[in-house]
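Listed after this line are the structures, all set down as structure tokens.
What follows is subunit A paired twice: with subunit B in the first complex and subunit C in the second.
Here is the complex of A and B:
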């Protein structure tokens, strides 16, 4: 079963535990500046929104890469950057419509979410379940359940 | 590690910035942040110096756990001599600035001297630059934040700044970072402005690493996050209601200081409570509270993000206040509300926004307004003094007017900006200042919670709830229940809380974790992250060392045991209602025992033996 990151921004408090877990897993330091998942604060609106790669099936980044450094991990469905192949041309960062592939000036390579090989640390670190790792075919399940709970069975029976 | 082992020294007089190594011998003794910053202050300044002169220093200090994944590990403190108290000032702030500073590679910034004209400091990792800031002088914190972001073209820069109140010399001005988090108390913002330093902006992309035992650390961090999640206060009460969970609780136990501490219960408490912040408004159907919010790395998320009713008189035709910003926390709601008798949630939220916008400590501000209202009620202050404003207890208009005047440093706002001690002295009633060492009380009446009387009297930075929060034990039963109306045993309780809290404040963590965590929960995280062996015993010892160092600084600054006192109102006028009815604070039953437990002389001086025991500097 493929799993996907599912993000519910309403639950996010903006604590950046996800960014720390991500950067620690991938860079060995607690460093939000190098996190592959980012939490955006919309101060006036009082909203926090985590955002990261959704692992497109027809991935713009993968198709744009001239050296085929981005390949799909068949086990997880993640589009992964092979550091040994990446030449740092940044074409993928232009190709990605969502901005979730970014250049890392310290290494000269690009970085993006790789689902931590199937054990995403951001979801593990999130204290409010704003980020969860669930069945890829059922990321809408919680929202469906919430709406289902609001369904007025008595009214529909009468109708 | 997890210190970066680097200090940034900024000489504002000659414009030089320099890197120097952190004194690791001191770090081993004083940990970081509050303790280590104070150690540097003691070493480098004369305690008798003018707090607003060039000889005072201003230290921004992170802790060894700041910037790590330990829950709440994002804090920094600002340390200097206080212009409000003449004692040591150490104000702790959350938000994201502290972690960003650490991530840029710095444990600490030491500002010394005074710039000839307004400047700001910009840090980008190893690079630090003093930049002219004439264009920012006269701007609010919120405007300054926006202008710096526009100037550096980097949305991820974190800014700490002072507002117009500090420029005008308000003695309780705060340093505000991330728009609404404050190094709030004792006038650290006033000291910053006195150096012509308007703002510090920082961008750090190096990260915090060098964890001593990464595997053990990550395991411990995950376990302790779980402890916070499963605790009723840190897992449920604080996220849902914030510190405002306390308003109704403290009112019910008869310890909510009201009308400048004339009363211990406030009839309007429920209207300004955490529960009230969740109720839908009539005008637009929205509650005051939009969401809770976390500081860096915090898995509690007690922060309040609020709005004001757009039609409210305070913000009518002022769209700049219509969006969300930092909402009321308990101490602010108490000071702006119960202390003044104002029970209108929108007025309080507005006053809170303005305190953030122009950098004032809402506790000292609100309590000083309460004192002014007391003086007005007695006829000692009249409309002639205020220029026509009626300062009656309970007046929303008066509160909103005062906050605008102090923010701008105008007219009668200059007098409110002096703090209650100087205000009450000026108008002939020094006994009406509800303060210790010149700093106003926070939100717990020591007639109803006796341990807080000793807490306030002996706090090294003047009246403060964050130095030994015995409310946890006396009201909430954490770690064990004690009787709030009894003085017996409180000396030991206060000392234990003071020492433990000093350790928490020195590691880089938030004291709110202590509703669920003791040092038993923190030591394993500290030990896994940092050089050396960090046991509970060592943390307690370091905390006690920090406490004695601060005390010693104050004594050298000219304070004495006589300053460990409370206003006569709390010692002689009994509580009129509630469970504490008929009680005064029994400070004299606690203080001698406290001195003895501290190893101080009967008049409160640190003895030679105690000094030697903790290897305090001469």
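Here is the complex of A and C:
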């Protein structure tokens, strides 16, 4: 059974432990700016929303890649960037309609969530269970994915 | 969800007539994605892909990174697994299609043979246009379109060599970095009043030009090449306004046109040389489809038909065409969002949809000229319809998400008018609120 990240923004306190854990795991530094998960702050409402790739079925990033540098890890279901193949063209960063693939100017490659190979550090670090790693079917992912269903795009493509 | 996506489970149920013979002309991204999608849809189909370049199917988009030595030639290949096409029973034929006989459903190869088809996909891409000036056929002038061109450019870019680049469109701008890092003395000549005039607005294009200037690149806008003269060694490039530059290499990146000449007289309707298609990517002749740079396809934003000539569109076309080749009418093309992202010597710019704005719409802008950062958003009512950005690399895709989702922004529109950088927040609020 594939597992995925389930995010419950209501439980997020904005502590940024997830960003720290992510950047440390993936970049070797405690630097939220290098995190693949990002907590957005809505000051007016006092709300925090952690946000990262949902490993969506559409895999816009994977299909847009001109050199096959993004491939699905069959074990985790994550779309992973192969650094050695990525040329840094950034087409995936505009193809992903969720804005979850980013270009890293230091390395000249793109970065995105890869579920830490099946042991996501953000979920481990979250002290309030706002981020948990659970069976894919049981997540609120559908809500995050509802995007695709909402678009005109979807309606006509089904036709 | 978009049913036109490979990897969709259950696709095979769509097939009405299995085992048809599909012939694809052109082995670029559109052709390759179509071939693979067809294979997934119909394991019994016969699939042949005819390409006229000597290399395995590759991605033109990767050429700039080959020029800058980030990758070798194999790094440009669309599929990395050796034997990929054989494994998927896709026959790759190295030949050029000379003409199509739409009545007898067969095509003629320049090699002499004929190939019959049940369904035909035209995915022959585009070809560069050379500016019509004397001397343009000189051997020191090259396009930057194929791997063969890339090899010629690499050979001509010795450190210190004087190089003239004709055209500061998006392709010109992407290869700038490679040329600069090769240490050549570079002059760029652009006809328009700014860099990348068909993708960036005045502010953005002007900032990019200043950036290039600061990096030591001589960019001439509102300038035209008038002639290229043989001068024994380097050529003499004559430029409007009485200017001239000597060059060891002239690279022409002055635009492209659809590559469908071989269809002239076949009965397939062309518009400005591109194949006219409907929302099933079908041409005026039933059974013949077109995809990618050669197709005049639907634009998501305007609903009109045009040639976008970008990679993501080629892939979308290829997928939709394949579904309809396997089962006509099964997938309707919603239209592709015109979008692009460029890295010009480290400064990143992007454009989306109707970045020029729409009548009666609103524009939000924020600029920091010193830092080379810029964003402009275009709204139609409270929907985002287009944008330009400069110097931004984080979460830019969400602009596409907002445009393509046609989300109503409500009160977030005012917030974006005040601070256009809040696109990600706006997206979260309206899409998941």
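Keep in mind that, in the parts below, the second predicted complex is superposed on the first by the 139 of 159 C-alpha atoms of A that agree within 3 Å, B and C clash if a C-alpha of one lies under 4 Å from a C-alpha of the other, contacts with A are read in each partner's own complex, and residues count from 1 in each chain.
Assume contacts are C-beta pairs under 8 Å (C-beta built on N, C-alpha and C of every residue); 3 or more make two chains touch, one makes a residue touch a chain.
Computed from a prediction, not measured in an experiment: that's the story for all the values here.
Undergrad: Comparing subunit B against subunit C, which has contacts with more of the residues in subunit A?
TA: Higher number of touched subunit A residues: C.
Undergrad: Could you tell me if A:13 is touching subunit B, subunit C, both of them or neither one (first, second, both, neither)?
TA: first
Undergrad: Contact-wise, after the overlay, does A:89 reach subunit B, subunit C, both or neither (first, second, both, neither)?
TA: Second partner only, subunit C.
Undergrad: Is A:108 contacted by the first partner subunit B, the second partner subunit C, both or neither?
TA: second
Undergrad: In the overlay, answer first, second, both or neither for which of subunit B and subunit C A:74 touches.
TA: Neither subunit B nor subunit C is touched by A:74.
Undergrad: Both subunit B and subunit C contact which residues of subunit A?
TA: Comparing the two interfaces on subunit A, one with subunit B and one with subunit C, no residues are shared.
Undergrad: Using the touch definition from the top, list the residues of subunit B that touch subunit A in their complex.
TA: Within the complex, subunit B touches subunit A at residues 67-69, 71, 96, 99, 103, 156, 179, 204-209, 218, 222, 225, 229, 239, 290-299, 301, 303, 305-307, 323-325.
Undergrad: Considering the complex alone, what residue numbers of subunit A touch subunit C?
TA: The touching residues are 38, 40, 42, 49, 51, 57-59, 63-64, 66-68, 85, 87-105, 108, 143-144, 146-154, 156-159.
Undergrad: Which residues of subunit A touch subunit B in the complex?
TA: The touching residues are 13-17, 20-21, 23-24, 27-34, 43-48, 124-125, 127-128.
Undergrad: Write out the stretch or stretches of subunit C touching subunit A in their complex.
TA: 1-7, 29, 33, 59, 61-62, 64-65, 70-71, 75-80, 279, 300, 311-312, 315, 319, 331-334, 339-341, 343, 346, 348, 350, 352, 393-401, 404-407, 423-425, 427-429, 431-432
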